Amino acid sequence: MPEFDFSTTLGPAWFPTPLFTASGCASSGKELSQFFPLRDIGAVVTKSIMLKARPGRPTPRMAETPSGMLNSIGLQGPGIDTFLANDIPWLLQHNARVIVSIAGENVDEYAVLARKLRSVEGISAVEVNISCPNVENRGLVFACDPQASRLVVDGVRRTLGGDIPILVKLSPDVTDIVEIARGVIDAGADGLSLINTILGMVINVDTMRPHLAGKTGGLSGPAIRPVAVRAIYQVHQAFPKIPILGMGGVRSGRDAFELVLAGASGVSVGTATFSNPMAVIDVQNQLREILMSKGFNSLKEAVGFAHRDE
Amino acid sequence: MSSINRHSKQITATVVSNKRIGQYHQLLLNIGHVVENARPGNFVAISVGGENSGLILRRAFAISRVSHRSDKGDGTMELIVAPHGSGSKWLCSQPEGASLDVVVPLGTAFGIPTEPAQALLIGGGYGSAPLFGLAEVLKSKGCRVDMILGASTASKIYAPIEGKRSVNSLKIYTEDGSAGTLGKVTDPIPSLIEEGLVDVIYSCGPMAMLAAISHIANAADIVHQCAVEESMACGIGVCMTCVLPVENSDGQIAMLRSCIDGPVMDGSRVQWNQVGKVAK
Amino acid sequence: MPEFDFSTTLGPAWFPTPLFTASGCASSGKELSQFFPLRDIGAVVTKSIMLKARPGRPTPRMAETPSGMLNSIGLQGPGIDTFLANDIPWLLQHNARVIVSIAGENVDEYAVLARKLRSVEGISAVEVNISCPNVENRGLVFACDPQASRLVVDGVRRTLGGDIPILVKLSPDVTDIVEIARGVIDAGADGLSLINTILGMVINVDTMRPHLAGKTGGLSGPAIRPVAVRAIYQVHQAFPKIPILGMGGVRSGRDAFELVLAGASGVSVGTATFSNPMAVIDVQNQLREILMSKGFNSLKEAVGFAHRDE
Amino acid sequence: MSSINRHSKQITATVVSNKRIGQYHQLLLNIGHVVENARPGNFVAISVGGENSGLILRRAFAISRVSHRSDKGDGTMELIVAPHGSGSKWLCSQPEGASLDVVVPLGTAFGIPTEPAQALLIGGGYGSAPLFGLAEVLKSKGCRVDMILGASTASKIYAPIEGKRSVNSLKIYTEDGSAGTLGKVTDPIPSLIEEGLVDVIYSCGPMAMLAAISHIANAADIVHQCAVEESMACGIGVCMTCVLPVENSDGQIAMLRSCIDGPVMDGSRVQWNQVGKVAK
């Protein structure tokens, strides 16, 4: 019997395991390294970084919801220069593979961020988070606008050249996610990250106002898993050759397996890390075990297996 | 930061006892030798609601006191829990023998003076919990320990008899006068300072109380270490939900995470009037 | 002190209480009448009825998900004629107020359904469920297509005349729900029902295929409440004078209160009835108590209260 | 339909005992005088996971047997629960004294012959549970009761000693031969029918077993009342998830709800080969 092959590829990037942190749910990696060696997982996907330092939104920034939570962090962060000076070297020094998530306020900013990343050694991939407001178009979220998301990816692709793979992270808050996917694939995405949070709101029944300072927030956690599975399934069905990094409510190997069967080549664990600091490792071990017990010889055999005979 | 949470472990702890004390529950948990790394000021994060729980986030509680018998590998930790919402109520309903999923210890600890000093400990409501563990440590270092506790009403004062052994004095204030003196914990501080009885202030309680103490401490230029309480999703520094505006050493205001840059913070640096707002 | 006024209006229709069943979650009402008198609640919203009898989808038709469930019933029903002959008389005889939910396969069918309802005495309102596939446009769901949803409502409005109020039930699976709302309001909707289920999928890890025979299904239950609150808040903000019948994950008075504060004049209880046959009544009693304890003199004072001072 | 669930009540039931029997748990619940309305074939729907549960749907279980002492207002109901997924495992873990939220009784009951008759009761796995309650009733009406139970293996046979008192004969079949005869419950039916020992068949178990029995019963033109088991979201007829294709009295196939038009159905009318498909 051949040895089980747990490795995965997202476009040209290879990873020994298909488990990743989810952007914004592992900070820059350091904090989790108190709980497990970062090199043991596929890669650390860093919190979306913007051009300038940002303080983020006022608090409260979170609300728990049934089997989920809302967050409204507002992309607090140190800005790309400080990030490249401090965080990336630290991660590489600790032998972590790194996927850098970037976010911009307008189309150009994404290209500028890509330019800064171009010369950085050791980055495995760039995740382009387009679920942010486009300040040049009434704050409309890029990912909700086929034209804008295409332009963002086009700019990043041209700037980065062909060396670093580009994953584009889509929002489920759209009428037709396949259409958005088509646009960014045409513009040069190597893969897709599915899904970002779903827009939600909690009203505090004591103050009788929206609980979050930012009013609306992003819904994550097990509650949204069925939406993630559906989005991954739909997009994999439409573009079976485009690798998908799946995420949304994964907290066990069983959950990750569901995303893999739907079509994910890799799985990011986000909110589950908040309740279990070891979640990524635990999910990784459980997924490996499930795949082997089902008789798969490799992760790749299982990717999109739910689509067979169709 | 690099040393924060270095000793944190996710463990299964057994409920040794669960007693109601006033409006609180005193939970004693066996956490084994992990107890050795717990310092006054640290907190723990507990999963609530059981295996199929729709409550997906851990709840944070200050470690009140710890004790261990290293020979037996036993270590117990005491928590004082106010039944507030679904999660804390569930916790208060856990019987002796129940198993809890706990991450312990987390966050910063109170700094202990290297020389014997006169310490004033101020607690509001269940905020007194960690002060008793702190008092024991301070006492053992030869410090003088004065304690002031306050709450809206008598049943919200947590002041166990055993705890009183480690303090030189204990004053109680309630807003309705149902126990101790009618008034607020901040009332007696200025005169204590004037009398030269205060080298350092330690505090834990509602944010408004911490702000008021900071105000007094700043004016008198006295060190004030306070344990803050912000809504936390992760408790381990990865989610950025628990931030507070705090002045850096270089004078800039940054949004620091109260879970790993706290809960114990330098009261003089927290920008109390901007809590809940964004640093500019 | 004046007596507490719990009544509500949805356009020209008046109801003694603001609690309703959710379409498809109370069948035609009979079954629930074993648990409480139907006249005690605001109204029974009947399962969406189509022109012809329909067997619905194959089983499995449901899957439980974290704090939610997926369903894929496929609008099984007896067809409008049998429904009008059997179910409506029964409901009226039992003094239930009735909101009839209709669904069509194309724009014309909605108008035909409206024509059949026009002459029926005693109906309080019509809920137009536009979350169904339009067979004339590649199965695209009406509610996801501003033009189609507008046409449907226009047809129903013209046919019904001004007598029976029209509520249009929208899907949250759109990029911009306010835009869809604007279209159907322009076309003559008296009110909006928010929200229908969210498209999701569960993969059965034993069979390694989609669990539902219909593959995708609609996500409902507490998991989606933050999405419902957000949609109601957004639409109420844009159209403060249009009454909203809110639904999505309500299982307690506290939950209903959240929807009311966001802008709902009435609240439908769906999935919660599956776990608690008395849910509508329980939520109704709890909501009344909460409103009174907060010092409101009427339900109406609380509608949209979370928007104050903005 | 109008009489279905007329006596259903949502109640809080206390766990009187919880015993492991083979691979099952025998749960005895005190449901008070509601017990008087429970008939063999009825089922109950239980909330699982506790107060903050993310499992939002009730789980359905057949009532195995009931007993009551009307003088004391006490009524107990026995359930046989297989630990399958999260919900049933939670239920199996409930200790004596625990409170459960139960809707009881639900659905149709087995029809009881008005005249004494020869009844054959066939159960698969935990499907034998309701048959023991049924046997008691049949026996009390003067019927002859023969019982055949089957399962894949011995530990999945549920056949309590007390239960055997109400039956005239009991045969056991397992697919691995670990108890009783190696084989299937359907093996002995034809010869029993031929011997003229069967006026009516009652069955409960996996759908494939019910289909096979229907096949035999139809051929011999013997009445077959079977208790079906479909995935149910509501259990009270309002969600339409639990449907089965069943022939109407007018010969048309309709998708009937197994929760209120069942679980006990006329086996000859169920379109077994179309289960899971849509009636045309």
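Labels A, B, C and D are assigned to the chains in the order they are written; within every chain, residues are numbered from 1.
Here is the rule we go by: a contact is a pair of C-beta atoms (placed from the backbone, for glycine too) under 8 Å apart; a residue touches a chain by one contact, two chains touch by 3 or more.
Just so you know, these numbers come straight off a predicted model, no measurement behind them.
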| Between A-D and A-B, which chain pair is linked by more C-beta pairs in contact? | A-B
| Looking at C-alpha means, what's the farthest chain from subunit D? | B
| field | Chain centre separation (subunit A, subunit D; CA means) in Å | value | 47
| message | Nearest whole angstrom, what separates the Cα centre of subunit C from the Cα centre of subunit D? | response | 35
| request: Compute the distance, rounded to whole Å, between the mean C-alpha positions of subunit B and subunit D. | output: 55
| request: Among the residues of subunit B, pick out those that touch two or more other chains and give their numbers. | output: 54-55
| message | By the touch rule stated above, which residues of subunit A touch at least two different other chains? | response | 66-68, 221-222
| task | Enumerate the contact residues on subunit B facing subunit C in the complex. | result | 54
| task | Provide the residue numbers of subunit B that touch subunit D in the complex, in ascending order. | result | 48-55, 86-87, 90
| said: Which residues of subunit C touch subunit A once you look at their complex with the stated criterion? | reply: 63, 65-68, 70, 144, 173-176, 198-203, 205, 208-210, 215-217, 219, 221-227, 229-230, 233, 249, 254, 257-258, 261-262, 290, 294, 305-306, 308
| request: Would you pull the subunit A residues touching subunit D in the complex into a rising list? | output: 66-67, 222
| task | Mind listing the subunit B positions that touch subunit A in their complex? | result | 1-2, 4-6, 8, 10, 47, 54-58, 103, 230-231, 233-244, 254-255, 260, 275-280
